[in-house]
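The structures considered in this document are given below.
Presented sequentially are two complexes of chain A, the first with chain B as partner and the second with chain C.
And then the complex of A and B:
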């Protein structure tokens, strides 16, 4: 307030391009302090519960720790966990399952998400309700969703087998969770059902921000529906598609609840992703060091994938 | 642009079929919960229960601890959302107004926090919670959830604050508001839809958690959250699908209701940071 009446000090930093600082507070220095002060609670939470545990996990991965304890400091550093990891066939199996799941679930979810968003973006009566309902699975907790699907997929009395038999798609009931390929399909089905609404919500918001004039102009120029989609809708959606893709990929890669409750990683490792294997090693076998090494490898892969994706879509994402 | 009749019919048919397919599991949850035990295994299955059994829900309240589980989930979700909203409002405001240049780095940081596998973090957190004596306590969950919510919530709120012109606070401060006053009396009321969307996002995230609850609370049945309770309960009552589905429906209901009310805000909120 006072600085409105006082002449500005000659030393006032002219470097600042925006007029945000100087005017609002007594001095720019204080404004900056306030800015950092405001960040403090979030930073403390993140340091305490994300960064510190992450560093600790990296440290544990270099120790031969068998139990869930923090008193591993005395033991010596070792590469044993990583050596064992890269020699383990379970590990390579988990990498393969994660990669397969990633490609299948992400591509189907993106397509379904895009289709659903385009559908409820049309003009029709009851559009608001349709928008609300089609994204409802987003709001259903993963465990609840999976338990419901367990009943739908039940081998003897499940409604899905009944429908498929009735439609003549299958000749005999499928025992969904006891064979590798059906179990993998079941995981895919549940993940797509749970995952596509988020993508739809994002894409719908993207669609709504495309100016109607673009389409009108294209129509005047004689572009048909397909051409309008390719040349207007898709390019305008690129930022949103990029963000959705990265978030979906990371979700599939790290998800625990769906697979744990649905198949527990079975049968014979057919749905055992890196995340599932990490948890099993840590809390079923109490091999904390080994599990941490697995976690670190998962983190590195996540970082590489998102670095790649962000680069590909970087002009669009941030 | 008038649609032809067949186009309208096709459009409505597609919408109805799509909604029916997507909502079928929810419908099946409701129908199964009302089915008398004898007709659960009927062939062909009953798509409308001939004789709805509302007492399944009464049995659920008497035989299980579902109400306590739901109360625990609610306590955790409210507390975690509250804590994370305070942190995220301040941080999002700071990023929008004071650290305008670093926002690209912040975007990357948020992405990084999304990359950390929770299954890795939980190994050291297990040790940390144990040495703090928080094992089996709802506090362990509250802090873990709050931290999981903060990065994305900050990003969403920053997007909202960016859309509010600076002149608004400047005017307030010329009128004698402190920077705090400007934030609380001017900016937050304007950002109310954003706050609603972000809170809903936080609440949904916390309510849905299973990993942290399972790891921190498994030994103390009094503090189980609804997901942990239902997953365990499903193991015990293998074949009582009507009871299991009734419990599942109750667990999903609060979130579904909140979603139906706040869905309008959510659409804008999630993309506020990203879609610019």
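And then the complex of A and C:
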């Protein structure tokens, strides 16, 4: 038993640091301040390279300026850019193309990504090589990959037309990049090729986290492959599928380099998305005010889509 | 303690020496898409070397910026107030900078230095808003490069000299050798990818040959005139009959690979021909363009930024004077394999090194005499918008098989609206 009557040993008082501006950040009372202090560099960086340019773009969109110099604010505020934008057929065409591309590329990429992940999740010889090959398109720099595709898709001497002709699938070479439908298909094909590996990798990670016991129990209950996929695999993958969907949608919406290198938005606007149109207005026609208005509208659309998707998939994600 | 003393001594030495070093060396920024390019890049380097030798206290920071995205990057630099000290632009984009007041009026500089620009090829293009905004670095005329072997295979012994002969030769040299449905050789090539100036420039070759123009000398749009429509139809015949690669890209590359028989292009095509396979190269020859007057015009310009500090402006002007001197203009003709704009700048060395130099001179003179330029007069400031809208309408014409007259009328109306 401890003798409580014994005097307690005398210890030297703990010497606390005087801290920043005399505030002891190590004390629990100031723990929150320390947290903010540690966050400060990142916050400043985000404010400087993300928030400030975004606010600047929003302000420029309310000025009728050709070139955005630091003196653009001298001109008066106007809604002219937005009025012109919503009356422009090119803008509505770009909205339509972006939406079409969003639906087509996202759905095909998700399906191909899921299929590829399920495939390489099976046990077979050479599985490691197959996994590496699936990830390869994602690892190749975008512009390098697209230039290679340009040669593959070349209407005169491209290998794709040659193969299709040799196989008897087509009777005449297809002008992949000079006709509206083939150009849209070519852009879709390249975007899916570039985008599906990321989805596959995400889903593969998700597949490997599903406990094997679930499948064993299902087998005991007599569930076939299809039922096991529908009732075990898909529900368990929902969190991963939700995140992948949001990221893919945003990637398709803002992608610029694939379309710019392949078709430049043509022919006759068949692949002109909002990103391409914004670039063209800013750097070909030098209408920075108008281009900023386009950028702001794109930002709003992206935010709305993200909010909707996050809300829809949040029960799965969180 | 000892370390502290050493550090203090180094710091002191640095403080004393740095201002001295800074004063000893002035740096001039020079950005170009031609750095490292065979021919023109070599010439720029020679000018820089000479300038640095004669100005030991000045260094030129010569930076490569690829042609794709060049104007975007330059606009960003100008807008941010950090324009290069020596400004290199293409002739079709300088107006955008001049219109915004970013370029120096070179008139007083020319007058002060006594520079003689009489007879300087294409210099009139640099006059904008009543000021001399730049010095022309290249004015050219198109020539024809052809594959003699392919023409001979088709039974053609002489390169074509007229549109009719050219069309016949294009038909004869569009060949499917193995009968597999894929053409192995195309008669010629026209730009058919992105709707940009590549379309309007290539079409203009045929429009000029039929006596048409996009705009006349007064700047009035003339796209719906019978001559221009005839020219568009000539171009259309080549496309509709499948005499050009449907991909419409990398045409110079296809030419040096022996997949295109005839190629109409500017003097820079020579750089491509140098890269051809040794088995093909001996068959690649030059002739005058069968389309007369040939397409031609201003290519690129050199100028100063209005906001550059006076001291640096003076040095940059000295650089421009050196680049435009007789010695370096002769070297330009020799290394660039194209006649320099300065009168009398093509010396014997150029003729020796560039056997087709006379063809280039004749083409330049022919284009100049006809007042030809790729940039339509009256649409200089809206050139990018014009080329986009025109190219898109002509693309639509081919895709939807629309009548040429109707499309020309649409482009005419849209171009007038731009003005």
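In this text, the second predicted complex is superposed on the first by the 289 of 318 C-alpha atoms of A that agree within 3 Å, B and C clash if a C-alpha of one lies under 4 Å from a C-alpha of the other, contacts with A are read in each partner's own complex, and residues count from 1 in each chain.
As a working rule, a residue touches a chain if its C-beta (ideal position, glycine included) is under 8 Å from a C-beta of that chain, and two chains touch if they have at least 3 such contacts.
What you see is a predicted model, and the numbers here were worked out from it, not measured in a lab.
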item: Which superposed partner A:132 touches (first chain B, second chain C, both, neither); value: first
item: Contacts of A:111 with chain B and chain C, given as first, second, both or neither; value: neither
item: Which superposed partner A:66 touches (first chain B, second chain C, both, neither); value: second
item: Partner chain in contact with A:83 - chain B first, chain C second, else both or neither; value: neither
item: First (chain B), second (chain C), both or neither touched by A:234; value: neither
item: Touching partner for A:173 - first (chain B), second (chain C), both, neither; value: second
item: Partner chain in contact with A:299 - chain B first, chain C second, else both or neither; value: first
item: Winner by number of chain A residues touched, once chain B and chain C are compared; value: B
item: First (chain B), second (chain C), both or neither touched by A:103; value: neither
item: Contacts of A:268 with chain B and chain C, given as first, second, both or neither; value: second
item: Residues of chain A at both interfaces, chain B in one complex, chain C in the other; value: 68-70, 150, 154, 156-157, 162, 166, 283
item: Touch list for chain B against partner chain A, complex; value: 8, 11-12, 14-15, 18-19, 22-23, 25-26, 28-29, 32, 40-41, 43-45, 83-84, 86-88, 90-91, 93-95, 97-100, 104, 107-108, 111-128, 130-131, 143-144, 146-147, 150-151, 154, 166, 169-170, 173-174, 176, 179, 204, 207-208, 210-211, 215, 226-227, 230-231, 234, 241, 244-245, 248, 251-252, 255-256, 258-260, 263, 266-268, 270-271, 274-276
item: Chain A partner contacts - residues on chain C that touch it in the complex; value: 69, 71-72, 75, 78-79, 81, 96, 100, 180-183, 186, 192-196, 245-250, 254, 259, 384-385, 388, 392, 395-396, 398-399
item: Parts of chain A lying in touch with chain C, wherever the complex brings them together; value: 66-70, 150, 154-158, 161-162, 165-166, 171-173, 175, 177-180, 263-269, 280, 283-286
item: Sites on chain A touched by chain B in the complex; value: 1, 4, 18, 20, 23-25, 31-32, 34-36, 38-43, 45-46, 48-50, 52-54, 56-57, 60, 68-70, 116, 119-120, 122, 124, 126, 130-145, 147-152, 154, 156-157, 159, 162, 166, 193, 198, 201-202, 204-206, 208-209, 239-240, 243, 246-247, 250, 253-254, 256-257, 260-261, 274-276, 278-279, 282-283, 288, 291-292, 294-296, 298-299, 302-303, 306, 310, 317-318
